[in-house]
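Take a look at the structure set out below.
Chain lettering (A, B, C and D) follows the sequence in which the chains are written, and residue indices restart at 1 in each chain.
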Amino acid sequence: MSANDHAHEHEVHITPYKVYIGVWAALIVLTGVTVGAALVDMKQMTIFVALFIACAKSLLVILYFMHIAYESRVFWWFLISAFGAYIVFVVLTFADYAFR
Amino acid sequence: MILASRDIIDSVDKAWWILTGISVVLFIGIMTALVIFAIKYHRSRNPRAADISGNTKLEIAWTVLPTLLSVYMFFVGYEGFALMRDMPSEENSIVVEVDARQWAFTFRYPNADISSPDMYVPVGKPIRCHLTAPDDDVIHSFYIPYFRTKEDCVPGRTNYMWFQADKIGVYNIFCAEYCGKDHARMVSKLHVVSEEDYRKWLTQRLEDRFRPIDDVAAVMDAKSEGIVASNAAELYTVYCASCHGPKGEGGLVEGARSFIDNATDKWKKGVTIPDMFRTLTLGLDGTRMKAFDNLSAWDRFALAHHVASLHPDGPGRSDAPIEEYKKLIDEFKLAEQKKVSLDFPVDEAIEELVEKTGSEKNK
Amino acid sequence: MSDSLSAAPSATGDAHADDHHGHYGVPGYDPIASRMGMWLFLFTELLLFGALFIAFAAYLSKYPTYFAEGSGSLNVPVGAFNTVVLLTSSLTMALAIAALQRGDKNLSIKMLNATVLFAGVFCVIKAFEWGAKIEMGIYPGSATLAAMDQGKQAFYNMYYTMTGFHALHVIIGAGLILWVKKRTLDDRVNPKRLVLMENIGLYWHLVDLVWIFLFPLYYLIA
Amino acid sequence: MSNDAAALPPLEQVDYIRAKKGLKSWLTTVDHKRIAILYLIAILTFFIVAMGLGVLMRLELLNPGTDFMDGPAYNRILTLHGVIMTFLFIIPSIPAVFGNFLLPIMIGANDVQFPRLNLASWYFYMAGAVLALIAVGLGGVDTGWTFYVPYSANTDSNVLLPMVAAFLLGWSSILTGLNFIATVHRLRAPGMKWGDMPLFVWGLYATSWIAVLATPVVGITLILVLMERFLGIGIFNAAMGGDPLLFQHMFWIYSHPAVYVMVLPAMGVVSEIIPAFSRKKIFGYWFIAVSSMAIAAIGSLVWAHHMFTSGMADEGRVIFSFLTFFVSVPSAVKVFNWLATIYKGSIKIDPPMLFAFGFIFMFSIGGFTGLMNASLSTDIHIHDTAFVVAHFHYTMFGSTGLMFFAAMHYWWPKMFGRMYSFKTAFFGFGLFFIGFNLLYFPLFLAGLAGMPRRYQDYLPEYHGYHAASTIGSWIMVVGLMILFINLIVAIWRGKKAPMNPWGGATLEWQIPSPPPTHQFDAAPDLTHGPYDYDFLYEDEDQPKETEVKA
């Protein structure tokens, strides 16, 4: 509905510097964690743990650095459709590769 | 469970008729409604349209029904596919390796390492096809319309399909994946023959294949025993004419050599029969001349002789001293074929090939 | 591209705004539309890299051991350091926008400079990494690579392709940041009209986002 | 609304065509209507070129054997026909011409959200077109429009330029799509809700999403092939551990949804024409709108049905076949809704309506034969045969192409302010319809009999099908030429068109024909919906607007 598109039209959100620095610190810590996790031998799981941490990091970047946390809802829908489409592409490609 | 190919054909055709039936009924329904509405509610008869903007029940009905119909049609198509992919094991079938390259199929019968540009199979036996293309070639598709079956030959991998002929006859084989210049001429024949004829054909091929090539005289003179060049013209048409021209004039693809000009110095590996044999066996690196190691050594000699005969000066130009032949035979260990052929009882080989088809599992 | 997205005035202005910027159909400044356009553009970048990640996943599933071996040949501390560099550059980019929002042009310019500097550091380190591999004879088309197992070849081909594309984006991003810096100095990008800087910031964060996935997938699967 | 003078610009206002003069004013315009005309000229030109190539191919196939075109020549013509028809004609056709012209007007805006980007898209398109033409000058390319590896990585012909061209054309459609999405979200007239948008806009919106999300995948895929040719990075090269089938996945991830990029706007046009000529509310507005989005979504899940014989995993084939069948559901829903719209309507069969009926006919055949391609066992048989050629020409050309012509006949009076001869249009359509079916229907039968596609030569047993098909191509081309000439002549000779010749209810019929550059001085009046024809009968039972006889 048209109202959704323009819900937050006139609010200009100014993020405190502290938030950015906090997010950055969290990202650095997660980078450390992902390197540390790679040293532990988890066999098949290694890559999934790495991907999980990477997803967490990218969520932080998208929400705060890229301001999605403060954008109107339509931007959320956009992101969900784009990522949804991508995940579908991956999963369906593996409908072939997983069974080869 | 092994099923006859007749079942695959029937299943595909049944699926086709069911889908066509559903389609035709719906199509006629839609078009009839369209025409009736267009006439009945023409503005001259119906100046003011009714005020209808929708009907949810109807919408749900014509969403759900096509959905159910879709699921049904999926299963109809799945049935025949399941048969096609229910491959007989290698022990219970005759394995034919299908080698596709620009622009010819080669059929190889691996147990005996023999090859042919046409496909021969016995009637009533499951045929398992292993489909390949060389790494430096392109994708082709092996298609036998009569058996409703098709699978691509992809460089770098082996694909599988199977069929079983229920009737003696000759069937078309097409390349169905676009592969360039002579895609339309990449046509071959499938000869479905009686088991007896198949045995005969196989014996002939096996004998050819395992005749030792230390008989230098035989390969030096193509006509000496009438053995070398018997099918050379046919092989040349299938494997060489696409690029080098039906008369050897060359130039049909970029850089394809002419066999009839006199500039012998430009032949990269030389102009004699042993040189040509070497070129055929190894290919020419950095050019589009590929290694034709899919052909048997006898076939390669046959081709070399045929190519030599295309030149106006004839084979005389291609003469080489007997030492050259001996060198070649050493180089490719051609004489050792003799040992193989001695150790390899032809009859048993055929038994193996034909009888292994698992009559016990066949209905 | 970004020019049109950010600077092109919309023909009818913001038709929905309660406070009309003029009467109907007069061009206006619509930062939301510009950011929307930028996000849609970022989706195309996302899918472009996404396709490469699909190829990576396909080959990883085909050659797991070769990919592990290949990954083992990459230098983890260097990769981790580069990750930190790029994350920090993302922070400075975000701070540049935040500073300009507060009217602190001076700090904003400094932060943009820092971002470009980090981009440079990233590229130099990446160049050394590539250089080391090339010195060992491992690069596309080399005889050494051609002699390796097929799985190894697939790994290095993917490695050069994906990090190469990413590095190209880093360079383009740095160029865009220099351009927006010039516009900020000219006051054409200012606290009232800063969507251009926001959009280039979004682009820069996307570059970061891609590396967040590239790093573990290439360096940490040994 | 016609009786609300305030909403209308003064009638003597100069229209967009005459607003400025000179070639430069056209080449630098940011007016969405002028950009639409630029696209129209380019797209029609390329269509006619590619149609000529198609006729040449059919002529070669009239008899078995080589008549005047050998294999390499045929393959180049075939590739060129495919590349031009796909990338230069059918993908941009309806969105770039009629989307550009009408989308802003239909939602009550004065232009798209990013007008300069819109012009840039046209230049991307032209750059791609010029590169494709240069490639022809350099000897052409023989890969087929699908650019399958390893062939495209090995061939001697010049693959670089067509691939770069396809890449640029992809960008053109991405940027147009991006522009449309932002326009629909940001520039709808005050008070216009999503449910008040014409269904053509919904079709364009769905199409735009596919263009934005799927096109980049094929873009990078083509770049990877070029990297193999020029840098030796063989991502798809079997000798280097690559997988040629991966190319096919990545190619079809875009190129199958692209089929819906082509057909969704066409369905949008049908959804405009049928209610307008039935004077009746569209039946099930939301079901049609949602089915557009559903086709876009489901259409993105089915790409690998192009690969049933490629040797992909059997499980994968089953999954993709199952999913493919579900595309048919929203398509069927649309057809049923159109039929229900006609039911109890007040139907007038002017040329656009006849075209729409033609669409239902062709699209039904195309759609039903699509079921045989979705179905696993039958597809194995007909894959890569003439059957597939016939099937996609029925959907692409018989449906989408036909609706492009229908859109021309429906909106021509709006675009140029002139009416064309109805009689000639009916006659041209008749020839087109007969010729088209004679051209493509025999190919279904040839395919079932085993005739592979992309063959320059064929065995004598297929002669009958090919001969009929070639004769059909002549009839069809004559019909099309009559249609085009009729329209072009009308620009100069036609009778002046009124504001609302068909009695349409969408916003474009409330502004002059042709519209002025600045079409809305004030927010347009939205007192009636896009399919609410009651305003025509406000005073008495007689429709108010004067109907035109041409």
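FYI, a residue touches a chain if its C-beta (ideal position, glycine included) is under 8 Å from a C-beta of that chain, and two chains touch if they have at least 3 such contacts.
Note that the structure is predicted; figures quoted are calculated from it, not measured.
J.: If you average all the Cα positions, which chain's own average lands nearest?
T.: Smallest offset from the overall C-alpha mean is found for D.
J.: By mean C-alpha position, what chain is farthest away from chain A?
T.: Max centre-to-centre separation from chain A belongs to B.
J.: Quick one: report the Å distance separating chain C from chain D, using the average Cα coordinate of each chain.
T.: 34
J.: Determine the centre-to-centre distance between chain B and chain C, using the mean Cα coordinates as centres, and give it in whole Å.
T.: The computed centroid separation for chain B versus chain C comes out at 49 Å.
J.: Which residues of chain C are in contact with two or more other chains?
T.: In chain C, the residues touching two or more other chains are 16, 32, 36, 40, 43, 47, 50-51, 54, 58, 62.
J.: Which chain A residues sit where two or more other chains touch them?
T.: If we look for residues of chain A contacting two or more partner chains, we find 2, 5, 74, 82, 85-86, 89, 93, 97-98, 100.
J.: So in the complex, the part of chain C that touches chain D is made up of which residues?
T.: 4-5, 8, 10-12, 14-16, 23-25, 30, 32-33, 36-37, 40-41, 43-45, 47-48, 50-52, 54-55, 58-59, 62-63, 140-141, 146, 149-154, 157-158, 160-161
J.: Flag every residue of chain A that touches chain C in the complex, lowest number first.
T.: 2, 5-6, 9-10, 12, 14-15, 17, 20-21, 23-24, 27-28, 31, 34-35, 37-38, 46-47, 50-51, 53-54, 57-58, 61-62, 64-67, 71-72, 74-75, 78-79, 82, 85-86, 89-90, 93-94, 97-98, 100
J.: Contact residues on chain D for chain B in the complex?
T.: 71-72, 75, 142, 144, 148, 150-151, 154-156, 238-239, 242-245, 278-287, 309-311, 314, 317-318, 321-322, 325-326, 328-329, 332-333, 335-337, 339-340, 342-349, 357, 360-361, 364-365, 368-369, 371-372, 374-381, 383-385, 448-450, 452-459, 533, 537, 541
J.: Contact residues on chain C for chain A in the complex?
T.: Within the complex, chain C touches chain A at residues 16-17, 32, 35-36, 39-40, 43, 46-47, 50-51, 53-54, 57-58, 60-62, 76, 80, 83-84, 87-88, 90-91, 93-95, 98, 101-102, 198, 201-202, 205, 208-209, 212-213, 215-217, 219-222.
J.: Show me the residue ranges of chain A that touch chain D in the complex, using the header's touch definition.
T.: 1-2, 5, 74, 81-82, 85-86, 88-89, 92-93, 95-100
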